[in-house]
Amino acid sequence: MENNDTENLIEVKNLKINFDTYAGKVKAIRDVSFHLKKGETLAIVGESGSGKSVTTRSLMGLNADNAEIAGGQIMFHGEDVLKKSEKEMQQIRGKDIAMIFQDPMTSLDPTMKIGRQIAEPLIIHNHVSKKQAMAQALEMLKLVGITDAEHRINDYPHQFSGGMRQRIVIAIALICYPEVLIADEPTTALDVTIQAQILKLMKELQEKIETSIIFITHDLGVVAGMADRIAVMYAGKIVEYGTVDEIFYNPQHPYTWGLLNSMPTLDTQSGELSAIPGTPPDLLDPPKGDAFAARNPYALKIDAEQEPPFFKVSDTHYAATWLLDPRAEKVTPPEAIAKRQAQWAKMHTDDGELVRPATPLNTADNLDDSDRE
Amino acid sequence: MAKYLLKRLFYLILTLFLIATITFFMMKLLPGTPLSNESKLSHTQIQMIYHTYGLDKPVWQQYLIYLAGMVRGNFGLSFQFDNQPVSYLLATRMPASFQLGIQAMIVGVLLGIIVGGIAAIRRNTWVDGTMTVISILMISIPSFVLAILLQYYIGLKAGAFPVAGWGNFSYTILPTIALAGSPFATTARFIRTEMVDVMSSDYIELAKAKGLTSTGVVYHHALRNSLIPLITLIGPLTVNLMTGSLVVENIFAVPGIGEQFVKSITTNDYPTIMGITMMYSVLLVVVLLITDIVYGIVDPRIRLQGGRS
Amino acid sequence: MAENANVSNDAFEPLGKEEHLDNEKIAAPSLTFTQDAWRRLKKNKIAFISMWILLAILVLSLAGPLISPHQPNNAQPAYTNLPPKIPGVHIPGLDGTKAVDGGRVDAYQQQHVPSGKYWILGTDYLGRDLLSRIIAGTRVSLAVALIATLLDLTVGVGYGLISGWRGGRTDMIMQRIIEILSSVPNLVYMILLLVVMRGSLLSISLAIAISSWTTMARLIRAEALTLKSQEYILAARTLGESSWKIAWKHLIPNMSSVIIIQTMFTIPSAIFFEAFLSYIGIGIQPPTASLGTLISDGQKNFQFLPFQMWYPAVVLMVIMICFNLFADGLRDAFDPRSRE
């Protein structure tokens, strides 16, 4: 919201989305704003039900029938996506904004050859001949690392393993060289070793194709080596956002602390992981103050009354917690977080340059060393 | 695949053998004989008639003769219909039944696909509601009631089509409609459920995310995936048509198998009952085998594994 | 943007443990599975209305002997083929007149019916009261359907449970048997059985059940196979509970929705087959009325006295429609996936 860079590809402003259910209106997205710059990777992190997927699906106009946009704008190339007709959206989908889904086992049409599935967006959007589209599909299949692509292009999805299928899904998403790629938990359904391969592939392809990525995940570890910036979502709101380093080494929101603490790192000494107690609030009737207050050991009295605004930590780093209010007393974060913050202080050279620590904090950081099949 | 086919063929023959055996012995259990109404016949006359039909031999011999005959397509002589061979009787009556059955199957299934598909796409709208009401009505109206109503109101009162009998194509129209009711409704409901299921699957969402139009999504992805399981419905639909043909052919006086079956039942014409029973069973078993093979060819997931189970 | 003026300073005190917010409060009402299904069923107006119509028909047919104006099998040769007459109603078709050569003739006068006598739905070709026969016939049809469904339920559930639970060789053999049975047209069983046994309430029910239990057995087997690998079943087995007890306490309750839904689809199909068999003359034997025999009788006079077939046919169709709609509604109610 603060950013006035001209390079903003997508700007989501004050987005509010409700779902009509029998029990009432579920306020799934409650005032969300973020932006995506050209070529960058933005990770949206949060537990299930926090509204990550709903937010990104509304970028493509793909929300369920009972979803209702209650307010806000999604600017893409200076136009509000939310105001576009279904027909106009169809021209954006798959061409300018593409999507990778969570479960590669179910996201491919079981009765269609994969080559045809990859070529389909090209035929729709670029109006190329079928032959040409298949030739490009073959290229893309090679690009995503399917061996023996010439033969396998005529295979059906069930003849591929989960990791291979996710590569095919990625090929479908990238065939039109989209400006924005939305990856909705693309590795959650995969084995850990395959996860690393897919992440690496996405990173490589991002450079080749020059696409921006919105990476949705519930796993902070996955985004560490992947994202440029992170937005942490909780109960339909973004609670903290900043660069990867800011979120990992200088987190300010107690929810982010909780997320980081529940993630295994190489130097989790005791081998003990702490969980965030309790459950997210029921969004049918969101709490009056800070939605996280009930699970927050650092909650202040004001949290029960008023929602915290965003407090600026740096030009790129904002967090919505009353703890940052100058009137609030300083609290001592959990030990592990304090350690991270200490490291953050050491990471800066005298002129403010950032130096990454030699030993990576996170498992997924060392992508390049991860085992290959 | 070859192994699978052989296995299927073995079960097919076993099934038919069991049906033949059960049919035979059930008929032997019958209290009445075909001659019980003809009390005027003398003892010698009865003996002669029994001899003609082979009824004087021990039961096990009759059984073997029956089985041996059946393999050669010989079902014995009809008790009632001029002592014609049952196989001849059936052969003369097959064309009409097959024509009606195939016409009804095509009309019913095609209309069912269209109606069910539209209902699924326009889910939870008035279109869906109307389509559902139509298919519920068609499932709930028994074929014989439908046939009588069609015959009276469209045949007799409106005079649009011949009321009964068998001749040119116009004679087939009313019985075809009466027969098509059940396959139509079954298909429509099946396709709607199947399509609603498919439409909520991940690959449909991916197809939407590719930028396909809603017709594109339906035509290229949803329809194809819902039509494949429809193949498994062909078997049950064939049974539906057999059931329907019994009464519909009777009502419209169509010289078909179904009409013959009802006549044979009411006149205790056991050889003919057994013959038709076997014919229906063979027909169903063959249809099931064919649909299974076709399913394997059409569905890529099964094709490469060489059949299910 | 970070400043907020109208907040008192003590607002920034930590929130005490005792005043910690209730984080487990759930705004949506909590419902059990059955309550939830019932709520969804009630929301489905059509299914709900169908249920009430079916209940009404059931009650009427059971109370038949009490409310029938006449004996259903009492033939009165003097009063044959009388059209419906309701005293005081002057709508053609309900006033005792019938269409003859373009005009309407008072059939009651023609046949010298005493002035106090009337038949609400008219009489049949033997002078029997159609209304009483329809009530009696509905009772017979429903009885056949219920007995058939009960048989189907017992055999199907039992067979499916054993097959699915025992697994292995037993399952293999039992499945082969089902495969063979289901490749015989069910029509063939029914007709053969009835040709041998002659139509009676029990034999028809048996014939219908024999041809339909395989579907139930297959469903239950599939269900049993899934449940078998569930952890709570495993726990019960580890604790040494007997198979019978597990089946009764865990399997059947968890399959209840499948069983109920399948039952609701079996009933209309049984009603159809009863009518069908009676219609072709091997089902319920005269003079006992059933919806099938009534339609068959009515058809003979359809051209001149269409009401004789229309009334039983309408009752049959209403029952079928309501059962199908109700079953649809139940399926939707029990399977939350099928609606949002």
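For clarity, chains are labelled A, B and C in written order, and residue numbers in each chain start from 1.
Going forward, a contact is a pair of C-beta atoms (placed from the backbone, for glycine too) under 8 Å apart; a residue touches a chain by one contact, two chains touch by 3 or more.
These numbers were taken from a predicted model, which means no experiment stands behind them.
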item: Which of B-C and A-C has more C-beta pairs touching across its chains; value: B-C
item: Chain closest to the assembly centre - both centres taken as Cα means; value: C
item: Averaged-CA centre spacing for the pair chain B and chain A, given as whole angstrom; value: 55
item: Computed distance of Cα centres, chain C from chain B, in Å; value: 24
item: For chain A paired with chain C, centre-to-centre distance based on mean C-alpha positions, whole Å; value: 51
item: Contact set on chain B toward chain C in their complex; value: 11-12, 14-15, 18-19, 22-23, 26-27, 29-30, 136-137, 139-142, 144-145, 148, 152, 156, 193, 196, 238-239, 242-243, 246-247, 250, 261-262, 265-266, 268, 273, 277, 280-281, 284-285, 288
item: Contacting residues of chain A [partner chain C, same complex]; value: 22-24, 64-66, 278-279, 281-282, 284-285, 287, 293-295, 298-306, 309-312, 322, 324-325, 327-329, 331
item: Of chain C, residues touching chain B in the complex; value: 176, 179-180, 183-188, 191-193, 195-196, 268, 272, 275-276, 279-282, 295, 299, 302-303, 306, 309, 313, 316-317, 320-321, 324-325, 328, 338
item: Chain C - residues contacting chain A, complex; value: 1-2, 4, 7, 9-15, 19-29, 39, 43, 340
item: In the complex, chain B residues that touch chain A; value: 201-203, 205-214, 216, 220-221, 224-225, 228, 299-301, 304
